[in-house]
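Down below is the structure, laid out as structure tokens.
Labels run A, B and C following the written order; every chain starts at residue 1.
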């Protein structure tokens, strides 16, 4: 019995020793002290497979989106995703594969989206995501061109007679956690010296259910989302969106920091939709431009200079696929948010610079 | 009836007239003294008020239209409607397999069997079901009869083993049917598990969670009792760590952090599978503790006797110790399985549309705003039915195996 | 002799249990350590390549920037993430402690009801237990939050009881004491009362041991403390004023507001856990052998005395271990608060802070560490208590 115990002990010690040897073998690159130094990180970065090649191998784009925001990203009862943001996912898929449907939308909550992206589970976030400095730096994101200029607003019941921020003294406000909205709310109410109760929820559904039932006096999120969700309330006309803007909310695609080729690709797909609108090219008339003499148009349509190759795509007409299958900016906007939809959102800031807006895409050259 | 009471009344000492008459029963159980009579009156009043409130809510306030309108969603989530035939096939095959196995294991068409066959037939009475659904339910009942009938004619030697093969074959076929295979426009296009939802997903998660966590839990329990220190220490650390943290934290880790722990380009594990893994790992630790209780209840003599007849540690564990230990802990194990089934609802918090997740989307649907009470009542009843059946079955099994009587 | 015999028929090394023992241990350790390192390695390299961020806890001292709906300590958006974490932790504590107290009370009541000789009372308890043990807690919680508390009237039409209690879908507003200047003095008086009560209880107990007639020690203790407390309250110039809530503006003002989320979480946890505690209590009482009860009756003890002096002390030994795990379950289950928007530890740390900072590894380490230490601490304390009552009994 005694010898048994000795042997057992020997076994334990032996296994520990072997374990440590393995540890030593496996972790030359993994010492915690290495983590702190950026020099060590640089060479390792080159070994990473590029996002584009991963996407191409997989045969489809995984786009991190919203499933609860009609007009931007919404899962309908048949299980299909639609919306403004989803169309931009489709545009990227069209550019890469020539097929806008080579796409999987991965619905995510505000909480998960960045983790899902940085873990490599998704390729790009297009989910009404606000471009902020700390996300750009701390979170290791890169933000593409803003696709939708928004501002944070407040919706209240008409019967309360609220018009300005100070009117909301002592009110309860429903807000979604993990968003810039949550921070802006705290900032703006503190600045205005207005005391309030923050009622924090995880997603749109819960937040708006609580608002509808009167748990909160006001609900806050981006104005476009308020417009979108107002249509889903039981009596939309009982509610009013205050003429108060709590923040700037430039919404656009975000990709992982460190893969410049992929970043460029996403950027230029978005710009292409804006340039197409600028030149009056739409999915309906794109064919008629194939014989155009305008060098700007010829470059956009891949007739001159191989600009698609510069972002790693073999097909010279990658932007043509985007325009034919998804459309230009105006088409995407109108299809999802325009006058023919329930939202009827005026374009406002989201007009081309030539129409008084601030959409100003750099030239393809 | 209530001999377990704090002040038991022994029936045999009562005069014969008091023993069996209704009046005697009433006096003994409800009006034995002043205090008891008061209690009875209070109890009757509360039951009456509760029943009245429930009746008024169920028949006057509640708007049940939300249930038939979303019934498919509740049952199968986003599983495509055109592929629903596969689910029915899975159900028919389930009926057949149960019939087969019943003939092989139980051997007779007893009351329980009648109840089982009656289930699809009773379900046919649900008012809002279409004629098609009723027909399919009818087929299910017929399929289970057929299974029972066919099994009688099969030339089978080892009945237990054959039953096990049938069950395994069923599971394989079921998974293939659910998951699909081949091209997207083929006869049986793949359906991603993330689209499996509603009751279907809850039951699948529970079933596979139980079948996977059980062996793992037994291994961990044996590990914790092992004479080998390294194995023992690791088992203890695992068990205590898992039991110390909430399941929700494991689920969150599985969903948002797993990818951080895997190398680049590692095939992405399906989200539902990740949730299943989290549930399994969680439940295994609890199962291990329950099994350990059984192992500790085995008298030392059993180990020594096994050793004396020359069995190796492995042999004595498998043939002598484990069977006794497991039989001793059947009730707690079933309790653990029930809580696993209930815990599957937590996947709703990580964006998977199980029964509860679906319920949450239904009440957020603009068409059905304000139906929280109705939807959650139905969901709760569904969960209750399955959990209660499990605990009921476990009590029967306990009696049959004579737990605590040997 | 046996030893010599054994070594003579020694099996080949691959069937020698001792060798196999060593080998399997080495194998297990190698696999576990290997896997752990594999994960760790991937995490480190992954974090470096994808985020270019290192693991650090320094962000905890940065300004949080978000508000939290309810807090036991002073908190605002200017405070740090660490402070926010503590707010969540205290909220968890609050729910856990209150939940444990009320669930125990309700659980004992139902457990005893289950054993009642009254048929109806026993059946009511049985139905309660069967219903709530078989419904998932999360369903119960969400039903409670959205189906019950959210369905209460709006705050403007709140149900008002006695002009002091406001029941609405914002929660329950109750009158609450506001300490005045003399509150500190009153606390000292109260402490003195407790000490006096304890001293009295000690002497009474000693007296009881000597004479063999044990007085109602606990009752006397309570009477003493209450008497001192009452005298202090009358003598001192109002140590506390009552703050009654009123309906003002959007919400009720004053008093204490138990929010809808808090009420839903607490009542859900209590109702659910009580069903399990009832079963624990029932099993404990039933475990006391019939002979004990009969012996007590034979000695001339009343039914109440039998319960208090004979049944409960013995039942307690059976009850404590499963009761401990029910308490632990309740504490861990309070993390489901995230589903109904109550800012407990998991909701604040695992949701809000994690979202705002993106520090998954750090936050999960902190959250799991906290729950783990809470669990271990509770088990430790309950083990001590368990050992104590064992010693007393044997």
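By definition in this document, contacts are C-beta pairs under 8 Å (C-beta built on N, C-alpha and C of every residue); 3 or more make two chains touch, one makes a residue touch a chain.
It should be emphasised that the depicted structure is a prediction, and the values quoted were computed from it without experimental measurement.
Chain-to-chain contact here is organised exhaustively, every possible pair of chains being in touch. Chain pairs A-C and A-B differ in how many C-beta pairs are in contact, and the one with more is A-C. Taking the CA centroid of chain C as reference, the farthest chain centroid is that of A. Between the CA-based centres of chain B and chain C the separation comes to 28 Å, rounded to the whole angstrom.
Between the Cα centres of chain A and chain B there is a gap of 40 Å.
Multi-chain contact residues of chain B (touching two or more other chains) are listed as 227-230, 256-257, 259-260, 264, 360, 363, 372. Residues of chain C found to touch two or more other chains are 21, 25-26, 28-29, 40, 46-47, 49, 146, 150-151, 338-339, 360.
The multi-chain contact residues of chain A, meaning those touching 2 or more other chains, are 4, 8, 11-12, 15-16, 48, 111, 115, 119-120, 206, 209, 213. Considering their complex, residues 73, 78, 80, 195, 227-230, 255-260, 264-265, 268, 351, 360-361, 363-364, 366, 369-370, 372 of chain B touch chain A.
Partner chain C is touched in their complex by these residues of chain A: 3-4, 7-8, 10-12, 14-16, 18-19, 22-23, 26-27, 29-30, 32, 34-36, 38, 40-41, 44-45, 48, 110-111, 114-115, 118-120, 138-140, 160, 168-172, 177-179, 182-183, 185-187, 189-190, 196-202, 206, 209-210, 213-215, 217, 256-258. Interface residues of chain B facing chain C in the complex, by the touch rule stated above, are 1-2, 4-9, 29-30, 32, 36, 39-40, 43-44, 46-47, 227-231, 234, 240-241, 243-249, 252-253, 256-257, 259-264, 312-313, 338, 341-346, 348-349, 356, 359-360, 363, 372-373, 376-377, 379-380, 383-384, 387-388, 391.
By the touch criterion given at the top, residues 18, 21-23, 25-26, 28-30, 33-34, 37-38, 40-41, 44-55, 65-69, 76-77, 146, 150-151, 154-155, 169-170, 248-251, 253, 260-261, 338-339, 341, 343, 347, 351-352, 354-358, 360 of chain C touch chain A in their complex.
Looking at the complex, you find that chain A touches chain B at residues 4, 8-9, 11-12, 15-16, 48-49, 54, 68, 77, 79, 107-109, 111-112, 115-116, 119-121, 205-206, 208-209, 212-213, 231-234.
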